[in-house]
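Each of the next two complexes has subunit A plus one more chain, namely subunit B in the first and subunit C in the second.
Take a look at the complex of A and B:
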């Protein structure tokens, strides 16, 4: 049982990281960027490609991978989301534009990358297995879990104790009020896109260590990350992490105790049931709209 | 312009016209043999389309060079099916009705190939499965116009089951497969073959392509005391199974479908690829390559160099099998096309009458009952291993 839990937590940690990236954007912009999976893919592919085929140092390829994803994220905000703001397009507008952008990015990556699979570079651990209290855990799994916890802690610190964090929180609460007190809300929205894109790229880099990279690596993870964010409550960082871990553990336990053939269905049924009980998600806040 | 210059220009023009007319006459003598080629040009299966396209392009160029001015020229008509059955049917319909091809290679994916069969069968057109391994294409009864140039699932299932149960005496075999149209039926056929030999699989687990963690599935097989594991999935995912086994300390042999012989498998595993076995063409095992296989490898290398199908270095492993299948398929097709002078209505009968055609992967002969190019004699048990696949046993079931 403990072995399954640890594996579930490791799987769920990646979902959690992607959920965090969705939340970072949603908090300030109220937009779900459906191209998050592709931003994850950009970070992963660029990093693994530069490291493997150009022999660049990991200290250089990591910032480059994250940096490019951030630039693309900012472009998405500027070109696919901001123009729709205040134009009466509602949610339909950004759903279409962000989904479309994701498809374009994937197609571009396929043209640039081809159909090849990149090797797993093992720059983040050699895949060795350690035994803790009778549980076999690979270095990769430890790395993913620790990385997600560290990122969560860092985000919380930035959120609470920095000017940027406070400005982001103010923008998340009320963009108009934030603007009135001198906070450049549009820039804060752009900053949240940069943050969300960077987090997705880190997820991609971590993923390259445990799976073969390809232009399609972001599709499933992107969807499950969104499910995790919805389960935890869109806009709640802690909720997103919790949602990711719950889905990861549910998948592994479901595969073991019920059937591996329906493990995805088990996680989705869980999501469905929880959202029926708490539509705003585990830690999400109910939004009361004035009419 | 002077009269002299006008006269010279007219002479040059006349000479050019004469040459063009002569050229057209020579070209007009060469009948064009149009062959359709269908597969996904994007998505995970695109690498197979690409592999086949490289080989058929090479074969068409060779054919055209040899037959220029002698009556025939070949031409490929390519269609993208994006791995979608509906798009596959549309592509094949276009090839039949609009492009008037004399034969069709593909689609690549079995799940896309299958629904296109009625279209070509109705048209009486030669249809080649150069990648599709689905048993139903040729068994239990051969479809009249469909011929396969690939290792069929039933041959893999029979040989692996027989080798594991009868030769190695394994009694507690655990099965794991991906949830696709490739993994599910392949594993089911393997389990059925095991059952026919009096052995029940101790587990039947599944996963999604590209899953990164298979702990739950492998723990179930471990708890069932599996003495070996059979995996039916693409190479990358087979490697994930092996990694999971190593993590859980499962020191039992891993047998797999022939996709274990892929760059993806080694890419992921490297030195961890020990105690892994499959069934495949022995014509390309590192220590049993045939002259035909070597000749093809050299030609391929000369044209494409160290691409991902050839592999690294000068000593290719097994990666060239997919291009070689396509190369054999189109060369056999062009041979019969010449025999029937490009008449599409006679292509099927001519292909069925093909005997002792010297392919890269084996000598090909068809009969009304057998539409599989490569008989079971072509396949052996290979030790996949970290150093590249080597012949383990020429085991025939």
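Take a look at the complex of A and C:
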């Protein structure tokens, strides 16, 4: 049981990271990036690619992979989000355009890698298993959990105690007002896309280290990461992490006690139940629409 | 012109099998009919009702698998299996519609995306029924020469005709729906849910209806697909299929009748041109979606129509009818509305505190007070838009505390909004007709079938509304997009939309704000005429000239409390009212009560008053 819990937490940590990346963008721009899963996919695959094609050192490959994903994220903001600002295209506008960029990324990945699963080098080492209090934990799992907690802590510190964090939060409240007090709101939105893409790429790197990866993986992980973010309350970093961990544990338990076939359905069922019962999410607050 | 076009189209469809008789082209053309159904279904959900669904691939799969399993495994006749599959698709669409009742936009998009993936997973895992990843084989089909209807073997040509017959039927039904009051209600929900509810439209019901109808189109297409190719497997229904279904009406023209069909032609041809290079096909989808809202927000059909619209808009040429009088029996002194002890809190702020209000038939009641005093909040509570409040509300003696906003509207309550909430993309005439929504009674099936009764009802109400628009001097601009009207016309249109319900209660939130002198005169006449007809009117207004000129009674709010109520003359002299508007400094400045309404009007703009509230004027 405890064993299941640990592997659930490790799986959930990846979802949590994706949830954090959704939140990083949503908090500032009020946009849910429908290409988020594809960003994770391309970040992970590019890193694997650089590593296997050029045999670069991992210390070079990681920043490069993350950096490339950040560039892609900035392109998404520039091509799919900024042109719609003030165009009255409404919410559907950016749903469709960000999804479009996601499809472009996926198609490009298919063209570059084919639709086969990519070979996965264990570049982070991590084959070994450590025993803690009678529970066997692999190094991979420890790495993932620690990495996500560290990122959460770092994000919260930046958000609360730096001027950048305050500017991002101000932009989140009201873009026009933020501009009036001298915050370059469009640049803040771009920054949030850069941050969100970077986080997604880190998720991709961590995921390619532990699981089979292919250009297909973006859809699934993107959906589960969104479910995690929505479960915790969209816009709440802590909530996103909580949501991710809940989904991860629920999946592992469901696969073990019921059937592995239903594993992928669990995140969706949880999301569905949440939207029926408490649309604002576990840690989210209801918003009263002013009339 | 249009008739000729349709006749030519039908002739082409009938003639094609004689020109291209080889199996490949017949199959391809049959697929076109299937795509038209898919695109039209999506158009009803998204283009018409504004609900974005990325899970139509799931409904497509359900239709295909249902009809396939019923015929191949249970040996049901195809004439039974296809309708059953269609109904099942409608039923399954309710599952996607359910979250749409509580959340909107991106949540709906995500969860429907998940729904599609879930259906695909089911098809893979439930191998005993669906054949799993191997797929379901030996579905009766003209390709295998195994499809029989009543002992007669269906050929590819016959199947092609049958598919186009159904696609044509689908377009006919969609055309009836779009032009019926149900279609207008869907468009209203798309434009503004709050304004739609205020017109008596049950938003949830309309959304479910759109999803169910769209789901049936999609599942029917799925069933036709299964019988065409004799074999279905899960990968035919992946996310890329959802994207295809989405992109067809988007590129063709969302919300138009023929746009989805145009999109179907384009996206049937595209993979043929890029034969075998499906990755590049996907790449093109991505580029089109990314560029869609920047490059062609109205789609192909919308583009063409825009160009056609540069000619000056013509006046509506519909038969004028008698202005329907709003005569209603004057209830013997019974108030139309009684609100007592109304309290509303936003967080720690008491927006309203123990406010009482009575409105009487044929009387005009003005609600005044500084910005932020809770006037609009009170109107939102009375019209059931804010549901969290203390106290009780009765309309015509019946409690409305448990009702939704649309039910309150059906009980005779009409309102306008402080910040205009017109359906800006619809014509002025459509806006006003949507206001008469509670007057329509034809059921949705009659509307889709285009029965004579539904048409008669439509013509009758339309004539009444044209006459109503005439009294607001708007009928000449009836075909104009509401958002393109001048500000004054927009305000008048919102009033006309409220009056279209022939309400017993009329709540007006700052109707005179921003109007010219002439328009204010027209407004005054309209309000007085309504009152003379027995309507109980509540007016929020800062223009004191206007208020003092028409009000029978005035209630003054300040910081959520009722500080004065009575006849205009009495309220004008009330010390507490003067204090609320000017602050207590008025005493120090000599304590001269404002004798003329003009002073009062100016007082509203006093810095003190504006400092009191954050409400937008």
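The definition used in the following text is that the second predicted complex is superposed on the first by the 284 of 291 C-alpha atoms of A that agree within 3 Å, B and C clash if a C-alpha of one lies under 4 Å from a C-alpha of the other, contacts with A are read in each partner's own complex, and residues count from 1 in each chain.
Rule of thumb we're sticking to: a residue touches a chain if its C-beta (ideal position, glycine included) is under 8 Å from a C-beta of that chain, and two chains touch if they have at least 3 such contacts.
Computed from a predicted model, the values in this text were never measured in an experiment.
Applying the stated contact rule after C-alpha superposition, one finds that A:167 touches neither subunit B nor subunit C.
Once the two complexes are overlaid on the shared chain, A:155 sits clear of subunit B and of subunit C alike. After overlaying the two complexes on the shared chain, residue contacts for A:96 are found with subunit C alone; subunit B is out of touch. When both complexes are overlaid on chain A, the residue A:138 reaches subunit B alone and has no touch with subunit C. When both complexes are overlaid on chain A, the residue A:3 reaches subunit B alone and has no touch with subunit C. By the document's definition of touching, both partners, subunit B and subunit C, reach A:264.
Once the two complexes are overlaid on the shared chain, A:68 sits clear of subunit B and of subunit C alike.
After overlaying the two complexes on the shared chain, residue contacts for A:223 are found with subunit C alone; subunit B is out of touch. Shared-chain residue A:253: touches subunit B; no touch with subunit C.
Across the two superposed structures, the residue set of subunit A contacted by subunit B and also by subunit C is 107, 110, 220, 261, 264. Against subunit A, the residues of subunit B that register as touching in their complex are 42-44, 46-47, 50, 179, 205-208, 210, 212-213, 215-217, 219-220, 236, 240, 243, 246-249, 263-264, 267-268, 272, 308.
Listing the residues of subunit A that touch subunit C in their complex gives 32, 34, 79-80, 83-84, 87, 89, 91-93, 95-97, 99-108, 110-111, 219-220, 223, 226-227, 230, 261, 264-265, 267-268, 271-272, 275-276, 279, 288-289, 291.
Interface of subunit C with subunit A (complex): residues 46, 50, 52, 54, 98-99, 102-107, 109-111, 113-115, 117-118, 121, 125, 194, 239, 243, 246, 250, 279-280, 282-283, 285-294, 297, 346, 376, 380, 385-386, 417. Those residues of subunit A that touch subunit B in the shared complex are 3-4, 7, 10-11, 14, 107, 110, 114-120, 127, 129, 136, 138, 207, 210-212, 214, 216-217, 220, 251-256, 260-261, 263-264.
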